[in-house]
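See structure below.
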Amino acid sequence: MTTNNKVNSIVQSCRVILKMATPGSLPKSDILYYQMLSKYYTKLLKAKENGNFVAAHTVFFPAEILYAMDIVPMHTEMTTWLVALFLGEQAELLSAGAELGLAAEICSPHRGLAGAFLRGYLPRPDVMLWSNLICDNTAKSGELVMKLNNCPGYFVDHPFQHSKAEVSYLVNELKGMIRFLEEHSGHKMNWDKLAETVARSNQQLALTREINELRKLVPSPFPTQGFLKLLSADYLFPGQPEAIEYLTQLRDELKNNASENKTAGKTEKYRLMTLFLPPIYLMSYLDKLYQEYGAVSVVEPMFNSRAEAEFDPSQPLKSVAEKSYLIPESRVMYGPLTDEVVKYVVDSATDYKVNGALFWAFLGCRHACATIKIFKDALNAADIPMLAVDCDIVDPTINPREEIGEKLGQYFELLEGL
Amino acid sequence: MTVSTETSMINLPALEYFRSVNSTFPKNQEILDFKEKGKKVFGWLCTYVPEEVIIAAGALPVRITGYGRETDLADGNAYLYINNCSFSRSCLQRGLRGDYSFLDGVVGGSTCDGARRLFDAWRRYINTPFYQVLTVPRKTTDEAQALYLDQVISFKQNLEEFLGLQITETALLQAIEVCNETRDLLKKLYELRKRPEPPINGAQTLEVLTASFRMPKVNFNQKLKILLNELEHSKVVYNGRARLMVVGSVLDNPEFIKLIEETGGLVVTDELCTSTRYWSDPVIIQEGESAISAIARRYLTNFPCARMYPSEERFDRILALCRDFRVDGVLSQIIRYCVPYAHDFPLLNDKLKTAGIPVLDLDVEYGTSGSGQIRTRVQAFLEMMEAKK
Amino acid sequence: MIVAGIDIGSRSAKAAIMKDGEIVGSVIRDTGAESIKTAYQAIETALHNANLELDDLNYTIATGYGRVLVPFANDNVSEISCHARGVNWYFPSVRTILDMGGQDCKAINCDDKGAVTNFIMNDKCAGGTGRFLEMIADVLNTPLTEIGDLALASKSARPFNIVCAVFAKSDALHYLRQGVQKSDIMAGLNEAIGTRCLSLLKRVTIEKDFAITGGIAKNKGMVAKLTEKVGMTPMLSPDPQLIGAIGAALFAMDRCQGNKVISSPKVNYGYSDGTGVYYITMDSAKCNGCNACVETCPNGLFSLSYEDGKKSAVIKKEMLKKISQVCPGISVCRNQRENTCESVCKSNAISHSW
Amino acid sequence: MITAIGVDIGSLTTKSVVLNETKIISTAVIRSSDETELCARTTIEQALQQIGLSFNPDIKVIATGLGSKSVTFSQSKSLTACLARGVNSIYPTARMAIDMGAESSTIIKLNERGRLTDWLSQDKCAAGTGVFLEQMAKLMNLTSAEMDALSFKAKFPPEITNTCAVFAESEVISHVHRVPATLREDIAAGIYRSVLGRIISMCKRIGIQREVVATGGVAMNKGIIAILNQELGFDILVPDNPQIVAALGAAIIAREATTGAKM
């Protein structure tokens, strides 16, 4: 396996963005955001020379534990695609995945993830950690990555339902992972540190809730694609000071905007619900498009936690386990699609006063697409039109952007007519 | 292959019977007769659902399958999405079109994304009186077994409540006995296939397996005994250019195997949800153990599906099958969008090739009877193996 | 020694006659509706070119989509093996082959003997196959033989996202409407097909030398595109469409060492249509010439033939092209009368595929 | 006097509708050519000629369909919007419309106010479109109309399993040449079934709601409508001239823009 680590490209890109930022051109929160990114990846790049222990992990993984053990995390999906985006090498990574014999039906981010390790774009981790949140692809990714890096790994089995027995099973799984990490890294678990993290997680949730409240305002002071930054903050620094600092700053800015009645875009004609993820390579294009039509995404029930939960720092591990159940994805996408879940989505639509909903039908994601009919029926019953847009969240060759733009244009025309 | 399926049919009435059971599924005579007696029928989907519990409740477990052939999945596509595997779409469409209206309940496991969503849609759009999906851990640790036992017990309790009866220990023990006999008889059937010239071919075997999910076990066992006896005395034997093994998830269309065998290969064993993974391991009650816990353990630790971790166990059992049945080549038939199996393919492919066993990768839709293309691929695969010799 | 290879493809049938290792006659024609008729016409023309007759053939091997039911063939071999073998005859150094036929596309690896070591084939979608190009040629109303050169003239290729044969057609139309040059459209399509082929090739191992077979190899534009994509100049045989038939003929040659013919005792008789292939297999090795089938078949399908002193049952020549009308298939037949050709054959020499 | 004109540029035909204050006063359908602009103009001029008039640039024109954005003398509106408006003007009770065009099928849903609330269109794959039907008819040496007329006589339609037009082609060929050949009427019905299977699937995806209207060129085939009724289990509405509905919608939108008066 070749070693041509390309994580550096992320750090450099952040540096460029921050350099070009003239006073006032970027909100302070964005500056914090890019500093957060480059901090995370600088740490990863320096890990070897600093003699740190690196653990690669899949999406929606309790990285809190890694921080508490002073282990350097590497979020594999996010890192892979940040690299691919900054270098424009989506095609390269996907074809690398194909060379491994991964069928085209396998979700592209995970095909690319394996490809990234095959090509050596990501540094070799000391261990691979993964779980079955959020899908079969995540559940199956780990073993291939282990083989490619020939490193040990640990699989966290996340149960399907939310019963008492299942939570304690998950806690047990996490205990097993901690033993595994202690054995391979030589680091001891620092329970006090984990307790602090959990305490901060409460703070983080509270901030997220506040931000969500602000997004309920008409017009919404929060930019359309902003939720991806919220998401990454939790991906990279869950329950860490960095996330808190960023979210606090963001909240203050939004409060400020709200008081000055500043809107996210020029105008706010349509308030949208975003279901699943828009193609990440189209973000700037979509931003323009939304601006043009005066559309703003105000709620993302599948990706934006607004749970009213309080964690108990005296039971840190149980709290971490419970948190994984609070992730909307794990409720809306992984767990059983109960009436409560459907209601939760429909209620979000009314709470956030949305005019319409966009479901990004990422063809690589079987279990997301399979909910389209159910959510469409439920939302339509509440008189909210929903458009499903076929797309691939990372592979630009599947649906040309003109085609997507055309569809959105038509949809806004539809909303106009109502 | 020297003899076609039909010829031997003539001397194997029991096989003919199984074929008739399959030909009218889902509403076959066996099921109707059972319902006649005013008893309940429960549909199960995926090998992790414990049939014993249903049988012990005096009900008939019937495996939910799709059309068993490739057909237009208009409703399946509408209620799920084209990127759900054609098996889940096929099953759902049958449900939506009322083919399973005779079911009093459906039971599934949280085994894969496709199955999970199939159940979500089933619960919402098809009303079957009883509905439960069991959490199936992906590991087989003691904790995992404890969790699964917890699930099976809740299933038992829900059934008791729904049917207004008690599922006694004795009933469970009897159920275990019947199911173990089925497993034992199917094992005997497979033993015959280890012979250099087996008296039964792959297509015929699949008829037997498919019937086994679609009739009361007692009747099935009795018929299968007759068949085994018939095969002992049958003069017809099969031999092929190569001894093949089919691996993958669900396969219940004998036409597919028939097409493979027409090219001259002989399918001598398989690793499928609908075959070895279904019957392999018996329920074994350990010292002072309750029946239900023995059942739960067997279903969780049985021949693993690609969803389970670690995958090595599945690979090792495949290699063992290759050895025991002296397999020359493996056909990996993966239904499109079956992610667990697709993900395992690169690793399995490596393992088999290092073991010197060539692998043919066939991407198929559920229920396919095989196209000219598949015929060509299989024939080329056989020629490739012969050229290597 | 005279042998023949016949390749019944989905769109065209090819035949090659070899005498002592040299090609003495060949033909390429469209596949008609009835592959049996086509087979006879093809072989007869090829033989005629070499002024030979059917009886002069020591051995014949059929390949291609219609291979299982060429009545006069002694055996059949898959087109994948035949292409590898045929290419190897021209270019022993070739290890990677791309074959594009009427409805499918294959990537093949082979060794120095021309034995297949790995292969992959496209799936249910006809996108980027021969048929696809036909349709495009039709839209651009340019003869199939010229669309290749067309692309070479392109300055700025237009992107095509779909390879659906019919829809690339409408995309092409759309471009024409915008007044885009045909050459640029064609170049765009080649790009799309090229990418598809490359991903197919990547699923086997790409090692030199590289060869392209099938009609596509005559398409200069595609060849140029593939050369660029694969990064190797492909070896092209004089008649790339004939490769499969030549490979089959070479297999036929192996089968008769000297002039002694080791023929597969099994012969298939039948017909094929879109719903599948239907045939009766007669195993002369097992047949003891008891005549029971001849007496039993109500439609008089069979007769006895005497070959090198051995009696064995065959299907009457005049019946060969009528099987679909005469024989209802064994399962139907079995329900109609208690004795069938299969049941009366004590030596299991007869079997039906339907 | 003329108040507005609507044009619908399809891949096969281009349609135009001319309105006065109250009703349609002329329509025209011509074969589409490569020059969209010219096409749009020609069909308008033809429609006007029929009522002895000629085009004057003051008349408000709205165009929809392929390349309608590039037409210089008109504004462009999306096909779905025009369809909705057209359908609603003919059948105020309609809640759903199935538009079967030459190269795409579109399903739209309308609310009780006749406003577009949802749509689904498939244009990625040829299966289930007009061109597909024409291709299949050609294989049987029939015109689409002949194939349609025949389909009524069907008794045992075969299942056409291949959705890819190219493979379906060889499947149909084989039915034609099989001995004994499958009856052409049965093949025709079989083809319709497979096409409608996909269309009904689309309807179900967004939820079938009556009344349902069929529009587009394909809807002129009585046979396919008959089978559609069978498959749906109720009768759908078909306007006298289903082809021009989108153009009509465009015209109405144009008129509303000029006079502000709703039909």
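Read from first to last, the chains carry the letters A, B, C and D; within each, the first residue is number 1.
In the analysis below, a residue touches a chain if its C-beta (ideal position, glycine included) is under 8 Å from a C-beta of that chain, and two chains touch if they have at least 3 such contacts.
Predicted, not measured: the structure shown is a model, and the values here were computed from it.
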Between chain B and chain C, which partner chains are common? A, D
Most remote chain w.r.t. Chain D, using mean C-alpha positions, is B
Highest contact count belongs to chain pair A-B
Could you give the separation in Å between the centres of chain A and chain B, each centre being the mean of its C-alpha atoms? 37
CA centre of chain C versus CA centre of chain D: separation in Å? 41
With centres defined as the mean C-alpha position, give me the chain B-chain D separation in Å. 46
From the C-alpha centre of chain A to that of chain D, how far is it in Å? 43
What positions in chain D touch 2 or more of the other chains? 205
Note the residues in chain B that touch 2 or more other chains, in rising order. 78-79, 361, 363
Which residues does chain C have that touch at least 2 chains other than itself? 124
Touch graph across the chains, line, ring, star, complete or other? complete
Per the contact definition, I'd like the list of chain D residues that touch chain B in the complex. 159, 161, 163, 194, 197-198, 200-205
Chain B contact footprint on chain A (complex, rising order): 100-103, 105-107, 132, 135-137, 139-141, 143-144, 147, 155, 157, 159-161, 163, 165-166, 169, 172-173, 336-337, 361, 363-367, 369-374
In their shared complex, at which residues does chain A touch chain C? 95, 98-99, 101, 397-400, 403
Residues of chain B defined as touching chain C within the complex: 2-4, 6-7, 10, 236, 262, 361, 363, 365, 371-373, 375-377, 379-380, 383-384, 387-388
In the complex, go through chain B and note every residue touching chain D. 70-75, 77-79
